[in-house]
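For reference, chains read A, B, C and D in written order, and residue numbers begin at 1 within each chain.
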């Protein structure tokens, strides 16, 4: 039976149309996935249902919860609905909890709201029970734990616990796992699905990645620029989808493997020998962020480095870039020991993750891209610089007109192109790609990856691609290192590792990482089971 | 016999007193301590003189020497030896009886090497003090000193008690009509009538001296009725507001403060008498008095108090005349004037007069740069190191024309003729002669235009109507409250 | 927590030591001789020398510094040159006026500012908000001494509601003293209240944009409930800082107000002492003020820790 | 571009007005401020003297004009001193804090605390006790207390910029700490500094007024608003204009600059701007 029905719903904020004529429907105990890129309005949609919108929001149409229209409700009535019927989980678990209150009080507050007459003893019991429900061991995480003690995943569990504690009929999860590691992501998703089954809750799952939701959702809604592009039952959707955009998303989501016809030279460009980086923390024993790591990167080679957040991959990168002093070991670039000296710097450059953070907002593209010229021994004239910059911009697919523009005038994808231009401008032998595509929407991501692949090939540049995301690494590297807790646990040709990973961690990573083809397969399988 | 008169006056006025009251007296400066024999702060005498402490003799409102603890005295023909006949049955506030030994103690203490008495020079001439009997004491001087009697009437020469002397600075014990109760530092000193006072009993229950630094609060406190009397109201400009208010009485008297444009006679161009005369001509006293003192001051032509019998009016000596001034400057070799600094101490009269003087001298081409400074800076730079051109200050010491005889004083006036005059004054005993000599002295420094002589600082008494017996003049700094009473109903 | 405390305390002590040095040097270079000041225009020189001896001004600066510091350590601040009483006693008397005044003013400003800031934050953009913030702007702009004068004119001379000046002393009774301190407190409090309310407003606004408020609202809390249960304590953190600063500022900043109302407070004492070159008093008071500032910042830090668990573990 | 807020317009208007008046006073004032005319003292405001005359018969309007000029000059220079010393210190502290030795950072910040801990007015008084009262010393006294303010704020802002990836990029390009501070950090914290400067400026105006009120600061015959107020006190009962005009001017001046400061903040504050771009103003549910 229909739990929530969105009918001809439109939303505008300060007369700027955000959502236009949305129709969707979710049944109790089912999962509805809203998929779209940033700016598609998917988050606004979810906020609209629970009516937590910015000031100046105007809503049209109907949002029917059990056939009564939420849009007619007064704020007080809405509060009651949020208490009893609706729960919400947000994207950013790190800030979603009040830092000054224990998780216990925050959960119990929620419980007390739904049944105010509950006795304190029962309240405690219920809170602990719910924490167990979200698989938080009450011995490791007693109720009086403060949020800052918890990891992102654990906090997200607490947020879910809060939502559950009011046993809602509908749970809205806005990118609940985007900020988390793949393994955690998988766990959280599993948890959510379990809840659907146990409680018969309806879930609206908002995500930017088709692959994430493909095997979970019963119904998929594709959104773009505030409109619903296409929607349908997951079983049939992927076969029957017509809209080009849906197809794009689909292609972006299923990653083809990297063609292996590259020639790896014998010349060693980068050599890392027993590198160790220690941080000594106040009144704790020093933490080995990078622990005795060794590897080489040959000319023409495309090396991947995979690991979850906190595994030390970024620290390793910063050491290689000469941004951090390392405690032990050696780094050789072009056969010479590297400790941040200028003349070797020109051999290596970097593309960072955040397309917003990686440019000085007050500099023009020309100045930004030209910055690396600073390493050259004999400085170039402004003219020479401009010529080179223009050529490079053309290579990354930007026009001469962009020369005098400022970063904020570009989209995320374009910025990443500029970043690449900056990295390549001094024609280094190595570029280091630190999560360079993680912040991008799936479609853009594939484009950027293609660009990278072509360019590096064309210019004969080798790169070290650092990422938390196996699938990305998979289709852009020919060799891969898997890192965990500062140690490289497995190393080998990409294809090999994906076929039969040796280390259990690598296994878990591969299983956890969402893969749409696999997802669809599994879906069909359990359909068949149902039909049999 | 003066005493008798006083008593009669008091008795006659007795019936019209409603009832005894505790008087709130406003003072601008808080005394640093309450021992008049220590520092030079006039603020100490403001509170204690005549009220808590008494001397052998007492200076009264008109500056005359009156019997004090010594009811009468004989002076030897040589003018060197004094015999004082002390009052009997006098008790210090701590209960000790007052005897001749206390006199000996007090004076010896003031003369001793360890003494920090600012006016040690008073006791310099004493060669011997001997106690003839408990109520008779004889003091011998090195030579005749006509000003000795007056001097031992000053606060610095009051009689203190052996046991309490060292604590007088914060717990003063004297023989006066009021005894010290407490001192709320920064706010007030409380006095209470001393029941066992030897003299005629006073009318006031007690007195609270409240210290009000801020001139605005002086006005508001008065108007709000927090204060009954302001013996020396700090700002002349709003006096008229009280004059127009029937609830208040304003009595404008004189202080011993000759306000002068102190001039550094050492340095050029001021070592040149022509220049000094030029300045004298350039000064427009009426404008000063009108502008800076709002009309409430008396012009002076020399360093002498106008209410003193020996005073002669020399204000006409250099009448305000710009052309004369320019002429003199020309002949002195400064055709287009010169520049000089004018260092001003904090008091309002100095600051205001300073600004006017600057503009007045500016008219004859003397370009003045004003430098305001606090007292300690002023004392340091002007008084001690004589590092100044011009300054404005009021010399509040009574009968202090003799400072001109000291060529090391900050004026730097070194004139043998004048020194001789002062010497004569100090040694001579004949009244007539001394009067002549004083007039001579006044003339001399006026003609040499040692300093610019501006005006005698007024004493602006403001108090509630019906309050009688407050001093209207300040021959010496004192707010002797023994004769004060409130007429009519106490509001 | 322990390490946090230790760190704070050490920095506290160091600051104090350095400050004593700075103060001493500063005072040493101040020209003008207390003795000369006390002797006045016609003081005799040998008396001055005697006094200098009595005040122990005849020894070298180093000795004086060490005497002073070591004295202060065991609570002996020396004897005032001019008043001839122990400096400690002087300071005690004056502190009995200044500290209550400061607290009074602070209370006033908090009582006014916190609600005002809260209301204008919750009613952002409304008439109330704009008018409150308008007042705040005005409050910041008015020099407090000027405001004080206007207050005196109106309440003392015109309405005769309050006595214009002076302080009766606590033995005269609590409420009488409170009355005497009211006008000064108001004139001190106004600008502080203005500043505080602005801070309060902005910090509340910031907090209301936090994710955890959204979480709270998703629980079904109304906007106000969410703010009061989850927002306020977070919002108070910056406000605490300002309060700490203001306390120390008011403690020292009373000078002008104290003289306008001729209150026997620390400010006026030190001002007087500077004029009279009672340098031993100046030194001690300035040191004390510095000390109070440092300790108050220290206390504020402790309060942070009390409010914020992250600081309690010292991992921040 | 975002259109100007009302506060900016009002504040800017006031500030410009006063600046003009102050500038004008360099070339022309209705009367000579040093011209004393006892005969014409306490003239109430009228056509002859728009703001009346004082106890020396000086024209208040002229004095207010010059006084405003002095106040502005003192505040500008004082804030300038604070900024030119404080900002580099702050940047340096941040840089050292981010790269290796925290010691210098610690030292600098402790020094800041020390200055902060000093009662400002007292120090000013002491300074003038040492060097004698003068406009220069007023500037120094106020300037000193602006140093830690700017040091702190620029340090804080710089610390938030240092982790940015474009800084890493610059360092990958081999740029040194000082160069980065100058090329990348400073331009990006400028807005903040400008806003702070306007606030400090208005604070300085009040400070200058207070100093000259207690007789420190610019010396006669050179007029100053604070001293005018002080002199006016005792005459306020029969010549209130003596106090109202200078006082009003101070208030209006400070008000103007504060409002302008707020306006500038609204215009420049990166936070607000970002919001206006992304339109992400989270749950202000009505």
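What we mean here is this: a residue touches a chain if its C-beta (ideal position, glycine included) is under 8 Å from a C-beta of that chain, and two chains touch if they have at least 3 such contacts.
Small disclaimer: the values here were computed from a predicted structure and weren't measured.
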Intersection of contact partners for chain C and chain D: A, B
Whole-Å separation of chain centres (CA-atom averages), chain B against chain D: 47
Distance between the centres, which are taken as Cα means, of chain C and chain A, whole angstrom: 51
Length of the line joining the C-alpha centres of chain B and chain C, rounded to whole Å: 40
Of all residues in chain B, the ones touching two or more other chains: 214, 216, 219, 346, 374, 377
Multi-chain contact sites of chain D, meaning residues that touch two or more partners: 129, 233, 236-237, 281-285
Where chain C touches two or more other chains at once, by residue number: 31-32, 149, 153, 157, 211, 214, 217, 223, 274
Inter-chain touch pairs (all): A-C, A-D, B-C, B-D, C-D
Touching residues (chain side chain D, partner chain C) in the complex: 110, 113-114, 116-123, 125-126, 129-130, 202, 206, 209-210, 213-214, 226, 229, 233, 236-237, 243, 247, 250-255, 258-259, 281-285
Parts of chain A lying in touch with chain D, wherever the complex brings them together: 13-14, 16, 47, 51-55, 57, 75, 318, 321-323, 342, 345, 348-350, 352-354, 357-362, 368, 371-375, 408, 422
List of chain B residues in touch with chain D within their complex: 214-216, 219, 235, 237-238, 241, 287, 290-291, 294, 346, 351-352, 354-356, 358-359, 370-374, 377
Complex interface listing, chain D residues touching chain B: 34-36, 38, 41, 55-56, 129, 132-133, 215, 219-221, 233-238
Sites on chain C touched by chain D in the complex: 11, 14-15, 18-19, 22, 26-27, 29-32, 137-138, 140-143, 145-146, 149, 153, 157, 208-209, 211, 213-214, 217, 223, 248, 251-253, 255-256, 270-271, 274, 282, 286, 289-290, 293-294, 297
